[in-house]
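What follows are several structures.
Shared between the two complexes below is chain A, which has chain B as its partner in the first and chain C in the second.
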Partner chain A sequence: MADLGRICLLLALVVCAYGIFAAVYGVRTGRVEFSESARRAVYALAIILTTAFAVLEIAFLRNDFAFNTVADTSSRTTPTFYRAAAVWSSQEGSLLLWAWLLSLWSSLALFLVRRRMRDIAAYATAVLLGFAAFFISLMIFYATPFATTSPAPAEGVGLDPLLRFPTMMIHPPMLYSGYTLCTIPLAFAVGALATRRVDADWIKAIRRFAFAAWLFLGVGILLGARWSYSELGWGGYWGWDAVENASLMPWLTGTAFLHSLMIQEKRGMLKVWNVSLVLATGTLAVMGTFLVRSGILNSIHAFGGATLGVPFVVLIGILIAGSIYLVVSRRDVLRSEHRLDSLLSRESLFLANNVVLVALCFVIFWGTYFPLISEALTGTEASVGPPWFDRYTVPLALILVLLSGIGPVIAWRRATLANARRNFLAPLLGALATLVVLVAAGVTERPFALAMFCCAGFVFASVAQEFVRGTRARRAIAGEPPPLALLALVRRNRRRYGGYVVHVGIAVLFVGVAASSSFQHAVEQRIAVGGSTRVGSYTIRYVRPTATITPKEDRAHTGSTLALGAVLDVSKGKRHVATLRPSEGFYDSGEPAQGSVGHLIGGQAVSHISMSAGLTRDVWTAIAPDISTPALQRIVTIGNRTLSAEEAPIAIGVLAREYLKHPPAAEFHFIVSPLVMWIWIGGLIVFGGGLIAIWPAPSTVRRRVALRSRSAHGLARA
Partner chain B sequence: MEVLVALLAFALLAVVIAVIAAPLRASLARPPERKRERVSPERAELEAEREAKYREIRDAELDFRTGKLSREDYASLDAALRSEGLEILNRLEALDDRPKTDPEVED
Partner chain C sequence: MRLVVALSAAVLLASALIYTSFSAASPALSPSQLLRQAQPGRSYQLTGKVVAGSVRHEGDGLDFSVADRVGGTAIPVSYSGTVPDPFREGREVIVTVEKQGGRFVGERNSLITKCPSKYKTAPAGEKQNY
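Moving on to the complex of A and B:
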């Protein structure tokens, strides 16, 4: 079936080339049938790439090791669940995922505008097919997912154990959906600039896709953070890793765009700024993919070889140069139609929010690319770590959270000081109450965390005030009971109140980040069975060792040959809090040189953490068992000498029993972090608010407004 | 297996050609003419502006009802927004009688 995959890629490239030609020819000559044919080329591309993706997915599920990518990233011992996800764990498979998702989202976008903006859509079609052609070319010429080896190896290397985690099924597709969705506003921006139609219509057409990109990227980032916290064995959820940063940057510029587009919709202002943000977001999404795919920067996410670096640099260069050219050459049609009425207005607040978001993006961009810049200028690689990022991002995040509380209580166009004073009273009291409670509780030693909690208090009070006043206003108009009035208020103003919910979610998330990073207790200690240690106000005792030897019985279901761990008793004072069972999985390396027994546990050892998570704190534990003791090593050595491959598991059983009988002291990592759970809850609130804002108005609420006969009525009831 | 792959490839090719060529075949079947968009660009732009203006009027009312605007500020702002809205409606009316859409407005 690899031949079918290869045929699909070649056919896809031909379709892309034809579609680009037909789109440009159609729009240049006014031959609409060509523009429509180009749009349909995108649908055809989706069909072809769906077939290609299915071919690869089937190869993974059937353990078809004739496919090099299957042999390199899967194995018979890899559980089926993870085999299905292994498609995007490889360089080649993830390129196919990118192109496939791009074709699906592009088809949807072009289908929705099939009867509108024909010229803009034709250019957008050409751009989207250009992106697709780029990724398909990479798969044909540099990293093909359908390369085969004959004869096929009997067994594959297996999926990287670090990726054997449930959210890895969904994290990359979400992130890639975000990245590919970012290219849709970019494509339409290019179309709008090319046709000089940078009016409200194209903004309206891309708004939902920009929102969807933002939402998918956000969920992808959060799932990545969750993976880092629960799987990587270091206990953190954000390490300012290059690839983490690469996904955060387009999310930040996308957030800025979602705010500033409202100013263009309402006032016809910020056109240059908005197209620049859209172009920057799309370019940053491609740069994010570049960072993962090129292997140019060290990252736990980097997928190896640097073979794709040059094509990506060329693409990014074209994107940047093309964006600058289009914006500069269209500056006459990008002129603002109005000016700010007042500095005390929601527009001004949105501008300030945009400045902070872009500043955050710039800081992260500089910190991420600094190693490359430094190497290019001085010849020596230097890098910046979390303290450098924290120095700049923490104050900016504080301002951002504060602005998200101020925005909702300021009116559009102009607000008066008298009204502002009245509207700020409750939020300020909220912040003050938070401060008093925290100071009374003795939380004074971390000023930035304290400031973040106060800012969050400000946001909660501000948004609560908005909901209360809005519900009251709705009740005054419609006489509905409070719950119905609240529902009607949100339903009739989804973007506004969905946005407020997002603000609350962001504040909750930052409370979790500030608390967990400022008031964390961490201990790394070697402990023997029966020993204990104190972590914050908790006592953790090593009760007994554990050992699991059958991959299918491995508690984490990740397919490890051997998992060694511990049963830990967590108590606070005399109260039992939790029993935790961290372990470390040892995987088959697939290297016969390590011996018949040695290779079974010679692969990467991966920590399976265990934690007691709660609303107020998480107790997080990880173990690194010591299998280098002479007694355990002797079992491996003798097994290697005397046992065949079929008999080798016997030695693993003996090793496990020896470990249980004479457990050596193990290295433990304990962390007690307050309020981590609120990071995930905040993320869910952001997701919920995003869904409210993006959800189309229900048909019962939608009204059809006949243009001529009811235009005056429409204005009157607006 | 090779026969199956060939069959699948040909089927895929046929589907792709059918999908892509449909508009070209349709245009050959009838005299070529420049089809008009269901919504003209000018009308689409004005309709988008009108929707944005309606939303702005509703937002101003909500700002007033939630205490962010004084009665005087709201009265003058609302009058200004409605006059801008009327101007958009007049421009829409002034367009020739090309096919109109029935735009959906979020309530």
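Moving on to the complex of A and C:
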């Protein structure tokens, strides 16, 4: 089987090489059949890589430990669900996932434009195949997923317990889909620049892909945050970690592009800016992959012993140099067709939003790469922490949310006093009402949070106003009842109203972020059974200890040998709120040196947090049980001396009983944070809005819209 | 005119970034470098391996020693706050520390562990890669 995989990779590289040649040759000589053949090479690549991926996936499911990557990241005790996801937990496997997703998305993109934009598509084909060739070469020469060992080990190391969390199944594929989708607009931008056809056509072709990239990346980031919040025992959802930042940067420039492309479509402006954003987004996506793969920056995500730094630096260098060359050499065709009419117009507001987003991206870039920058300049590696990031990102985020409320209601070209009064009254009242209510409720000690809530009020009111007006207008024209009119309104202007829904979602999300970060109560304390502590307005009492022994055969569990925990009673005043059961799982280390009993619990320890989540607040709890007491350690030591490997689980049972009988005080971590739930709800709203916007319009509607926009274009030119 | 405004705003932001990042940053040092360079009152990012047998729970805190990746220099650190799950003896950690008197005190909740060694490829010789 491994041979089939290796052959697939070699074949894939050959197909890439042929495709690149055919695409470039075809477009240079005008021989269409070669460009066509290059496109088919992409389809072929998708089939080959699907086969390769299937080979690896099957190896994981069949516990084929002859594959090194299977032996390193999976085991018989790893539950099936996580075995299937373990494919992308290793360096090699995630490279394969990258290349595979790239081939699928490229095929789809090129299939959709198969009858249009031949020349642009040919260059895009070459670029996309170039990326594929790069990743396939890495897998052939640096980190092959199909390396094998003979004879095969009897058992694998197992999937890292920290990764045994349901979103592990979708977080990496989502993020990688986002990253790979970012390269499609980049490829078409290169095509447009190379052929000097930089009008709105190529933008229309990739618009949906840019949106999909943005959506996938956003969902991936949010799932990562969710994982961090409910699996990593620190209770935060964002830590300005290098890899988190790496995924956020292309998302920010992608957001900027999705806004500024509308200006190019409508007014033929900002061409240089748009191609630059697209090229930057693609490059940042590759840099994001590079950060994880190279281990160049310290991060909880960095893979130890990663060696892919040099090839990635070369690729990024080519991308940056190529982008600059293309934009500079084509600047004559990139001139704007119009000038900005007024500083008070939707165009200039979009520009402002772009500037803020790019500034945000730049701040994060600087902070993320600061260790490298400072090492280059001063010789010592130094890094900046979350407070540094917050200092810049908080005000920028405030401006951004405010702009997302102003954008929908300000007029194109030039806003006059009259239409400003008409459009801004309701949103301003919304913001004002929020302010009055919150000040009356006594929420004044955190000015930034207060400002964020008011901005959100502004956004909600402005979007609501747009929906109400639109619905009313449709009722006036078509005479439909309100719900039907609303539905028809959204269906006919998916992009616009989907976008507004996204704005609401983002505002909701930021309300959650502002509230949970500003009004959080956290307590870390050592508590004995029966003891209690106050966290905010809640009292948490340690009722009794728990111990669960997970038999090795039990596949439904995530596979820890022993889980020690606590039953906690959460109350507010006299009222019982919830009973929580946090625990910590102790995993087998597989190290014989730790002794027959010791190794069973000597591996990773993973927190299983327990929380009572609600619309108004989350009560989050984690426990770190103390197993280093002399009584417990004695059991392990005696067990190591007297018990064989088969008998060792008996000692774990004794240990668990002893822990329950004489529980030592345990270290607890409690967090009460308000409105966290709204971060995830906001994310869902964004996702819903994104789906509305991206959903293909019925073909008749599309044709009509195309006709209208063409005639509008003609009028604008005339 | 607009270009001038935009450019000066960009320059302003950039210089603020440069200034604040250099003043707020804490240099990353290995234990032996730290022993040589540490000044009281500044914070440093100490990176190295947790010395086997050095981890001790003291009340709410945690004491451990961090050693150079290669070589023997080790520094004892007293730390308090969240301990990441993968924290183990022998594992590589990064912790922000400050010199207080003769000892190094870890900043609360600043302890990071590098990814578990499971991600590392097995030592050469054990497996034949081809």
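In this section, the second predicted complex is superposed on the first by the 691 of 718 C-alpha atoms of A that agree within 3 Å, B and C clash if a C-alpha of one lies under 4 Å from a C-alpha of the other, contacts with A are read in each partner's own complex, and residues count from 1 in each chain.
Simple rule for what comes next: a residue touches a chain if its C-beta (ideal position, glycine included) is under 8 Å from a C-beta of that chain, and two chains touch if they have at least 3 such contacts.
What you see is a predicted model, and the numbers here were worked out from it, not measured in a lab.
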Touched partner set for A:Phe81, first chain B, second chain C, both or neither: neither
First (chain B), second (chain C), both or neither touched by A:Glu466: first
Which superposed partner A:Ile203 touches (first chain B, second chain C, both, neither): first
Contacts of A:Asp3 with chain B and chain C, given as first, second, both or neither: first
Touched partner set for A:Thr149, first chain B, second chain C, both or neither: second
First (chain B), second (chain C), both or neither touched by A:Val384: second
Which partner reaches more residues of chain A (counting touched residues only), chain B or chain C: B
Chain B versus chain C as contact partner of A:Gly367, first or second or both or neither: second
Touching both chain C and chain B, counted on chain A across the two superposed complexes: none
Chain A residues within the chain C interface of the complex: 68, 72-73, 90-91, 144, 147-150, 157, 160, 162, 232-234, 298, 300-305, 355, 359, 362-363, 366-367, 370-371, 374, 380-385, 387-388, 391-392, 524-526, 604-607, 624, 626, 628, 667, 669
Residue numbers on chain A that touch chain B, as the complex places them: 1, 3-4, 7-8, 11, 15, 18-19, 30-34, 36-37, 40-41, 43-44, 47-48, 51, 115-119, 197, 199-201, 203-204, 265-266, 409-416, 418-419, 422-423, 466, 469-470, 473, 476-477, 492-494, 496, 697, 701-708, 711-712, 714-715, 718
Interfacial residue positions of chain C with respect to chain A in the complex: 6, 13-14, 17, 20-22, 24-29, 45, 47, 57, 59-60, 81-86, 88, 92, 94, 96, 109-110, 112-122, 127-130
Interfacial residue positions of chain B with respect to chain A in the complex: 1-2, 5, 8-9, 12-13, 15-16, 19-24, 26-27, 32, 34-35, 37-39, 41, 44-45, 47-60, 62-63, 65-70, 73, 77, 82, 85-86, 89, 92-93, 100-107
